[in-house]
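My structure is below; once you've seen it, I'll send some questions.
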Amino acid sequence: MRHRILAALIFFSLLVNAVQATEISGKTEECLDCHISATPGIVADWKKSLHAEVSMSEALKKPKLERRVSVEQAPDGLADVVIGCAECHTISPQTHQDTFEHNGYQIHIVVTPNDCATCHKTETEEYAQNLMSQAYGNLKNNPLYHSLVDSINGIQTFENMQTKLAPADEETNADSCFYCHGTKIEVKGMASRDTQMGIMEFPVLSGWPNQGVGRINPDGSKGSCSSCHPRHQFSIEVARKPSGCAECHKGPDVPAYQVYNVSKHGNIYSALGKDWDFKAVPWTVGKDFTAPTCATCHISLVTDEDGDVIAERSHKMSDRLPFRIFGLIYAHPFPKLPDTTIIKNKAGLPLPTELTGEPVAEYLIDENEQKKRLKTMQKVCRACHSQQWIQGHFKRLKHTIKYTNQMTLTATKILLTAWEKGAAKGLAQNDSIFNEAIEKKWVEQWLFFANSTRFASAMAGADYGVFANGRWYMSKNIQEMADWLEFKLNMMKENKLTDR
Amino acid sequence: MRHRILAALIFFSLLVNAVQATEISGKTEECLDCHISATPGIVADWKKSLHAEVSMSEALKKPKLERRVSVEQAPDGLADVVIGCAECHTISPQTHQDTFEHNGYQIHIVVTPNDCATCHKTETEEYAQNLMSQAYGNLKNNPLYHSLVDSINGIQTFENMQTKLAPADEETNADSCFYCHGTKIEVKGMASRDTQMGIMEFPVLSGWPNQGVGRINPDGSKGSCSSCHPRHQFSIEVARKPSGCAECHKGPDVPAYQVYNVSKHGNIYSALGKDWDFKAVPWTVGKDFTAPTCATCHISLVTDEDGDVIAERSHKMSDRLPFRIFGLIYAHPFPKLPDTTIIKNKAGLPLPTELTGEPVAEYLIDENEQKKRLKTMQKVCRACHSQQWIQGHFKRLKHTIKYTNQMTLTATKILLTAWEKGAAKGLAQNDSIFNEAIEKKWVEQWLFFANSTRFASAMAGADYGVFANGRWYMSKNIQEMADWLEFKLNMMKENKLTDR
Amino acid sequence: MRHRILAALIFFSLLVNAVQATEISGKTEECLDCHISATPGIVADWKKSLHAEVSMSEALKKPKLERRVSVEQAPDGLADVVIGCAECHTISPQTHQDTFEHNGYQIHIVVTPNDCATCHKTETEEYAQNLMSQAYGNLKNNPLYHSLVDSINGIQTFENMQTKLAPADEETNADSCFYCHGTKIEVKGMASRDTQMGIMEFPVLSGWPNQGVGRINPDGSKGSCSSCHPRHQFSIEVARKPSGCAECHKGPDVPAYQVYNVSKHGNIYSALGKDWDFKAVPWTVGKDFTAPTCATCHISLVTDEDGDVIAERSHKMSDRLPFRIFGLIYAHPFPKLPDTTIIKNKAGLPLPTELTGEPVAEYLIDENEQKKRLKTMQKVCRACHSQQWIQGHFKRLKHTIKYTNQMTLTATKILLTAWEKGAAKGLAQNDSIFNEAIEKKWVEQWLFFANSTRFASAMAGADYGVFANGRWYMSKNIQEMADWLEFKLNMMKENKLTDR
């Protein structure tokens, strides 16, 4: 017995030595010297990260399925040091517009997907094909969506019995829509700041702070890995838990988190998730978790206990998405390309469907691609559910997509009638289609109610799709829109009679 | 010291052997042989369950208070095997319409309360008397409620300035209301499917998947134990945590979970619940938990540290419910019987109160029964609170029931006036009372706002009862309904004048 | 090896003896004798508390930074006993109106801040300067706010085509607004109750139960420490977790918890908080936690790993609050004093701004004080974030305060026009400004939508500030108010024409 205990002790001390053998680079040591007192929270955070523990040569020793890195050999200088401050903040200084001289080093403030690609190449490349990476441009450069932003964020005034809408300013946009979509970070000069170490010079950034998924970075790259893997722990656990996605996918427009919470999956996660392993790579169904989170179905590498791959990791989340069920007027097949600003419908509007719902096929994936993606997703379901169960589930989702599109069409017809009869001003009058009360009711029909109903169906959180921003509100909204139109047209008629 | 360590090792190895002595049946072994790779997630899930660990003879060795089973002796064949796949999925094959031949066994897909009753007899019998077990019929077979379903789930169209409502289809109903209430599962023939094991035949089920509380099963039984005890871990922990109930009791119509979350009890659970024991049977106040969850007050066997019973376990949850505070137009004494389709008010409507609020006494429990139930509930409160505290709390709840009923009556009077004056079409016009905008506002008065206010009072989550779908909205809704009526009647008057 | 194990055992047994040396007082032993069976839940709860473990002399042995108590020497009789039932419930009997004779002791029911001050003097004094301590009077004694309470909680009736509003009753108020704000607890006589120990006499309390933050206690003190430190565990963990604040700060009027949940901080807390130490005093950034909760930024003593103080503990939460961003019509500098009933604007209304938004400077802190408070708050941010990050963040908040105030002003202008033109009755007509539908829409503009938008900005939970009760609703509400005014004025015009 004594011998075994001694042996164990020796083993552990060797282990400790082995870990200590992995070095912090001299550059990073210098960073830490000051930042341990300048920003103690993030230093402590980083110390808890895998980055602080493992060098690239160690990471590459692991079997492929267990790796978190996706390059085949250690990048220059990273083989035998842990990934510390300097390893990320001094990489390729010439490509970062925000590089500045800081205590003898060329530092850049904003670490970008290009920097992360040094070790996580595949993930970065996939993400660049992900709709999210284009979230800035897809909102900013689509004139229709941008007029929606203006109609929400612009200051309204009231004078002479009329409301007036000013365009939204950058500061408000950065604090609202573009918080999630991402801002454009640009260097606007240099400024001196009084620090613990005396006066220092720093680049002045516009659009900062921001960690939006489609952020335009000072090196021209798009996105922010810290949207889902927050600095400086970069924990896979945060990204795999539903609370991570909830940061942007919770509001009435994208109630993914709310729906998950009332699903059976969410119920099991809430009760038992505390005992699951959210750090294991690969992620083994049954062993590491017994119900999926968002990441399981949409992104993670999932295996069974034999090590067989159920789903490949993909940071191009659309790989498992046949439909686009939110954000647009009608649900439709997923767009072919992440840059949706190229899309135009027959009426010339930058929309993937006509105003009356017909999809603009040339920009959208075809049925074969839809089937392929559905199959990829369903392989995850198959780990627990029978084929019949899965088919029944997706049959309902397809039916619900059809149903919600029809209910949106009905609301659209009421709006089109209002425009036609002069009860509201629309496209023909060269007016925003989002700025009047009746138009805002129409927006809620699809952006809130139809979306919510589809999410509830897609993730089997049906309770959410009835009363909580779902079918109840779709049905009520149509009645209220029709009521309003009747009142308005009647008022117009009376006024005409009176005016005579 | 060495001897003690050795003794401990021997003890543990004996323990391990003891557990291994409990066998997996040969039938279940055969199931597992394929399903460990066909559906690895649920096999792993089951392995973590008590079912996979304990045989009935072991379960029956426990003192009565600690048992999870409620038959007095081990059912045939279950004495010395753990409860595996075959033990549930092959039971009484002749009674299950969905039994089919599968690799030489007579398997049924849908495990039902009747199957669970083999070991959990009392719980199944109690549940059959629980309102929930009738959730399918109570919604489907009550013409008034069913017209509510139609008004929410039916497709609406807009042509010639009129909206038109089609009846709801089965697929949409299954994806919304009946997801929680339960669908009717029927066998619609057989179909071949291509599986890992080659082509196989399976029964085709309608209404599938579903785990609603009042599901009509292929053996004629009602309900689904996996609504609260999700397969295949069947964890009591899931059922005892509020997230379990939240699956159906969260939306604006039944905001139990939301209210609990802002109550002191919910606050304590959120902060400290991680350290509580959710698996202990019986559940000992103070030792296992220090604030109640839904289950504590409504269903669980609760004892004190001396082993004295504070509350008996009952799956007939109405045992602790004097009032019915949600889902109906007015709060009222609990119905006598779980099948509420037998209820008719004086006006002939299938409602437990008149439209003006008077309860239909003959179908509802009397004051004595109410007192008895309140007492049963209050015994749980007494574990921590003084008599005065409890009486003060329930006095407020009764006051709030009265207050909310009055606010609903006011909304009803506005609607009755609208019907009377022809501003809307109601009972007298043989029209649905749920399909117009003003009627939907009226529905929200009771189904959302009065309900929420009562829940907030009942569970002391008062914050929810003011601004979050509570009193604020009741007061605002009345003003808006009155405004609408004024506008509408005025429009009708003007139109008459104009028409002359 | 054997020797080490033995040494460890001896050390542990000494430790156990040391703890046992701290005594439970004889009085408390007597309480426990009965209450262990009368109210077992709270006795078990207390046993898990620090109060049950530590005497004042032990507490005072700790270094100052680690102390939870703030007196310098042990109060009479508390030096060598743990803080049990009697220590709190028999303190200063003559000052408590609810003191009664109970088994030979002078007991009071309601333990008050004055009682807690015996050991936690500084915290109590700070809390008395905290806005929360005045929450009862600030709502009850401000005629304008009180008319808001009436308009929400009063029973409305509908007769002769008119709605009528009765003033709110005490019972409803206690079950809604004053649940959080606090009720007034008064002794209304004595009553006999049948207990396990036979018939006993107890004081009858009005306004009971209540644990509101501004509760008026039977000893004249204000507040309830158990609002945030629930009895009888008094856990600092509960107070430090966001769920604690959520009890009152969740509804649409104060969505702090909702916003935190969709912030990066909330995301990290949700995923990783399970591993943090919520009991450590002082609370060390990086070591004990890696993202802030409500308490971190607003109240807690926060240090770095060198033991340097980042933020002093203060139960006067306004110490870190330059702005008041919720509850009032416009955001404005924080009030100088916690009693806001003294405030009057130029128009004579008890408001800190004019109806058109101009702040009433004399009652509000000046720019210097605002800067000082902001700096105190920002020191917490500095533990992780750069100066530029923080400045960018607060620049946005200030912009959003300005933006939301403008959007409220626009809604106010519509309402003022409605009053002026007789479309609604306001101040000039001596009518409540909260009781009509259009006025309630106006209230939502600031109480729900502008508030939510500001919270979303302040805590970087931007997603909440767009669609979830934020900017979307502000913009829509203005359009709906303008629509309503047009309809109403038109109806008035037609009616005049018709009447001629």
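Letters are used for the chains, namely A, B and C, taken in the order the chains are written, and counting of residues starts over at 1 for each.
The rule is short, and it goes like this: contacts are C-beta pairs under 8 Å (C-beta built on N, C-alpha and C of every residue); 3 or more make two chains touch, one makes a residue touch a chain.
Model, not experiment: these values are computed from the prediction.
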Please report how far subunit B has to rotate so that its Cα atoms sit on those of subunit C, a copy of the same sequence, as a value between 0 and 180° in steps of 5.
120
For the copies subunit A and subunit B, the interface residues, called same if over half of the numbers are used by both and different if under half, are different
In whole angstrom, the CA-centroid distance of subunit A from subunit B equals 33
Among the residues of subunit C, which are close enough to touch at least two other chains?
274, 487, 494
Touching subunit A in the complex, subunit B uses residues 2, 5-6, 37, 39-45, 47-48, 109, 151-159, 161-163, 171-172, 174-177, 179-180, 193, 195, 202, 204-205, 208-209, 211, 230, 233, 235, 237-238, 241, 243-244, 246-248, 250-253, 274, 278, 435-437, 440, 447-448, 484, 487-488, 491, 494-495, 498
Subunit C-facing residues of subunit B, complex:
1-2, 261-264, 266-268, 270-272, 274, 285-287, 290, 304-306, 382-389, 392-393, 395-396, 399-400, 403, 406-407, 410, 413-414, 417, 456-457, 460-468, 470-472, 475-476, 478-480, 482-483, 485-487, 490, 493-494, 497
